[in-house]
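Next come the structures, one after another.
In the two complexes below, chain A is the common chain; its partner is chain B in one and chain C in the other.
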Partner chain A sequence: MSRASSLLRWMIPLAVVPVLALLAYGFRTDPREIPSPLVGKPASLFTLTAFDGTPVALASLRGRVVVVNFWASWCYPACYEEAPSLERAWKAYKDRGLVMVGVNYQDKDEPARRFLSQFGHSFPNAPDQGSRVSVDYGVYGVPETYFIDRKGRVRFKQVGPVSDQLLKEQIERLLAEAA
Partner chain B sequence: MTPELGYAATVAALVLAVYGSGAAALSAVKGRPDLRRSSERAAVGVWLLVMTCMALLIYAFLTFDFSVRYVAANTNLGTPFYYRITAVWGALEGSIILWAFMLSIYTLIVVARYRRTQPQLYPWVLAVMLGISAFFLLVMTIPAPPFERLSPVPADGRGLNPLLEDSGMITHPVALYLGFTGFTVPFAFAMAALIIGRIGDEWITITRRWTIVAWYFLSLGLLIGGWWSYHVLGWGGYWAWDPVENAAFMPWLTGTAFLHSVMIQERRRMLKLWNLTLIILTFSLTLFGTFLTRSGIIGSVHAFSQGSVGQFFLAFLALVGLGAFSLLAWRVERLGAQGELDSIVSRESAFLLNNLFLVAAAFTVFFGTVFPLLAEAITGTKVSVGAPFFNLVNIPIFLALLFLMGVGPLIAWRRASAENLRRNFLTPVGIGVVAAAACRLLGIGNAVVLLCLGLVAFVAATIGLDFARAARARRRTGDGWLDATWGLALRQNRRYGGFVVHLGILVLAVGVAGSQAWSTQTEVTLNRGEATEVAGYTIRFEGLAGVEESNHAKVVGTFAVSDKHGPYTVLTPAKKFYPQEQTPIAAVDYRLGVLEDLYLVLGEFARDGSHATIKVQVNRMVSWLWMGGFVLTLGAALAILPEPRRKPAVARAGQPATA
Partner chain C sequence: MRRVALFLVVALVLGLGAFPLGPAIAQSPAPSAQAPGAPLKPAPVAPPAGAQAVSEDTVHDVAAQLRCVVCQSLSVADSPSEIAHQMKDIIRERLAAGETPEQVRAYFVEKYGTWILLAPPRQGFNLLVWVVPFVAIGLGLVLVFVVLRRWSRRPASTAPAPTLDPAMRARIRREISEGER
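Right, the complex of A and B next:
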């Protein structure tokens, strides 16, 4: 066998490399990360009645930074994982004018209340009767969290659980902006 | 306690597999039988421990042990008993156990069968197989531990994915994984042959039946998958070119190519390099399939797991691909062909073409599946590749394969004479043309369907002709018709098993062509008591009823169906509401028929039952898929039977019919 062809034969295993490289590249992308068309658009307004009976109206919150979180008691484990972070963020930022609203998605009353008391949520949470609000926001699956700026525009949408880090980043960014 | 025991068993199995693999390799290098025996004991140990893991996980499911995260995620208190067992492989972690378990069984069979008969190859085969087991056990230990604890322990679990609550999903993964893991055996023998440098036909002769077994289960898995898709998902189709389906289809294509090309090597000592390449590709593609479905790098309608499993699989894929092909490159000078192609018009070239088309099909499926990734890497935009692409490129390939299926088994080896061609193909070609013309006269206008039906008739005629000739020859020796045909099928079971598989493919082809060309669907809203007419059926909406099941509630519609002969059937499609699912799940109801299925899906409805919308599909010829699948598996089973010993099998199996 000549030297050229003895070198050439190592092309056989090397041919695998580009395929592997392409697949490795795949880890850097997320096929389900489809940009929400709502980002940059005005958040749709809603009025809900919280579990404790108080009204929650988005229209009255113009000029404040709002976090709307969609959750359900059956959404296990993601909603359970993010719940403590939400409460921590609410406690940390409520004095700086943050508003946080939990929207309970396609749930039953009793397990939903149990969920709230389990995590001791102190921010307003309201059931979404007939899923009207969820439809307006294009909720695909819970949990989803929307960050709305002082001008009432959706600025960021998180699909899946939120972390302390993510809440901090997004809320700080929006709080820093002028009305 | 269960999680700790399970985790301990996993780690112990991993240690044993790594040790066994190393010991087997060392025993081969140093020629130490004591190490070999030790590695065999390790293989038995791995099997026992993996079986323990399976048993513990099943136990955890049966006892609702929600302290195990996997149990909590895939079952709840309402999940019926049998689905609690099959929920074991309802998601990633359990599937990996199932995989490791099957692999450990295959390893044991290899130990039992080849310990004495293959002293040179066998230690390396064991080393490779235990090495692969070690990988799966590593996945079970680090990125996808099935026994991971959950704290705090929830009162109830999330529940199994409702779409998996079906008999098809009980059997589909088992068959598919038996197929996937089955290809490990020929792969391990190929690697062993490369390592010791004995790259003759030995490894192929030894693993021939293994390959058919793997192919049989993979085919079965694909068919059950199609059946599940058809009768559970409610879209009326059986194949969507979804990445997950493609992932299982690619190794089937290359495995089919391998199954055919080894015959050339056995007979003509050609294609050695090619056969090794095919088995490496097939085995790599089984890993690639799991990588694709579990890494989450490509979007699919199927539920995907995330996490670091993908990285592990990619690393292993790299190891297998680079390692195996490097071995191949190292041994390349020993892989020269001893025979050569004498003529284009010969069985060799028919088989070569068959291989080229099968591999081309596998490549197009691969290309279409990873194209979104490629496009995003190069242009940064998200694209998706749908059924139209796959159909466009694959239909011509499959039609060509159909044609070759008629040519390959009957054309002469080396160089076909004009006499051979006339004798074998004149009548079948005539029958094919007449069949296509008859279908045209019956009003079938679609050119692709006509071509497909003509080819089917042609291939069926070649098979019939060959079988009739052989049976007649046997009858001259004094056997009765029944004895003659049975005797033929059993004595040359590999050849006639292959023919039966081909017949199954023909029936499947008719099913695919017919269902694509002639199925119809409409959507209607009916008031209670109102009837509609669709394709000769009168469907009357009788009313709605609510039913509480153990883990879900459902609304069932009742529809009385009559055809021109009077009352035909009552169908009860439903919508199921699972607390853990955001959208209700349609439960299709259908009535299967030889020529057409009536298929009803319940859509929107009024809560008071005053009206309901239904999708009515009349799916034609779909049953031919299941019938063809049944024939195909019968043929594969026939080919798996041990060959009778009287004469060397190779010579007979390759015998041209004209001899």
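Right, the complex of A and C next:
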């Protein structure tokens, strides 16, 4: 057997190694997990009109910790799971200056209002006409929740439902920071 | 036996080379729920006063480069979903406000990251996706060439053909003719 052919005999099985390495890397990462490029950046300012007709303007909220939650009535079960936690967190922290805003994504007026009354949400919720705000926040599905610090920067993005524990951790961390 | 194995490996290398690695790596997320399909909305007939006229071709051009956020591997231009329509409206508005197609693209990249682009930018780690398939095809072709040349050069078998005893020869003939019937 010539040298070239014995080299070839080894090289062919060895060619599988980089392919396996690539596959091993690829299957360990979650393709659905996409880091938001917005974390650490200033949050986009928006002005929406809440379901009850009052204006909701992010520009007027500088110096306060803001939680922006994107939801929809058709987003079952995730949005339904997190809804009571959001209301609990809002009740627990509103006296310490927390602002919570719900943005209704790709929804119809009537089912959205029914969702709000079902959970008795007392924080402002507004429909996002034309999804302008949602695209500004890089939302690709609901629920998504953004935590904005007193300086107006996005500090954390949660994809999927938020839990009591997560809300508590993030809100207390940001409330503890100086303006 | 060895030839078969060699051939399989060559085919594997070629197959991997031809496989579009890009879309496989940058998979789109499944939305937690699909946005309800919306009826097709007519495009605005006339641009608002004071805005620049925007060609639908340009809107389509930009939209075709962007990933529809609630779809699996569909561009904003191709998706019938409501959010894709709204993203097209946003593209149209931004173009009408005087932004260049590159600036509109950059806006979406700023908000969603390069994930929003259907074609990964040709830089850094992403270069691998652009280069590896061609390198693999090239290596596969070289391998095929080398292997084929070696086989065609191999001298004809010098070992004498195994002799068949007449009984076996007769049996083979018989079975072939039976099989043809």
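Definition applied: the second predicted complex is superposed on the first by the 148 of 179 C-alpha atoms of A that agree within 3 Å, B and C clash if a C-alpha of one lies under 4 Å from a C-alpha of the other, contacts with A are read in each partner's own complex, and residues count from 1 in each chain.
The criterion applied here is as follows: contacts are C-beta pairs under 8 Å (C-beta built on N, C-alpha and C of every residue); 3 or more make two chains touch, one makes a residue touch a chain.
This structure is a prediction, so every number in the text was calculated from the model and none was measured.
After overlaying the two complexes on the shared chain, residue contacts for A:Val142 are found with chain B and with chain C alike.
In the superposed model, A:Arg132 lies in contact with chain C only, and not with chain B. By the touch criterion stated above, A:Ile12 is placed in contact with chain B and with chain C alike. In the superposition on chain A, A:Leu23 makes contact with chain B only, while chain C stays out of contact range. Residues 12-13, 15-16, 19, 26, 31-32, 34, 74, 76, 106, 141-142 of chain A touch chain B in one complex and chain C in the other. Of all residues in chain A, only 5, 8, 12-13, 15-16, 19, 26, 31-32, 34-38, 72, 74-76, 78, 106, 130-132, 134-143, 160 touch chain C in the complex they form. Only residues 1, 9-10, 12-13, 15-17, 19-20, 22-27, 29-32, 34, 74, 76-77, 105-106, 108, 141-142 of chain A touch chain B when the two sit together in their complex.
Per the touch definition, chain C reaches chain A in the complex via residues 6, 9, 12-13, 16, 24-27, 29-33, 35-36, 69-70, 82-83, 86-87, 89-90, 108-113, 115, 139, 143, 146-147, 150. Residues of chain B that touch chain A in their complex: 69, 72-73, 154, 157-158, 291, 295-299, 310-311, 314, 317-318, 321-322, 325-326, 328-329, 332-333, 370, 372-374, 376-377, 382, 579-580, 582.
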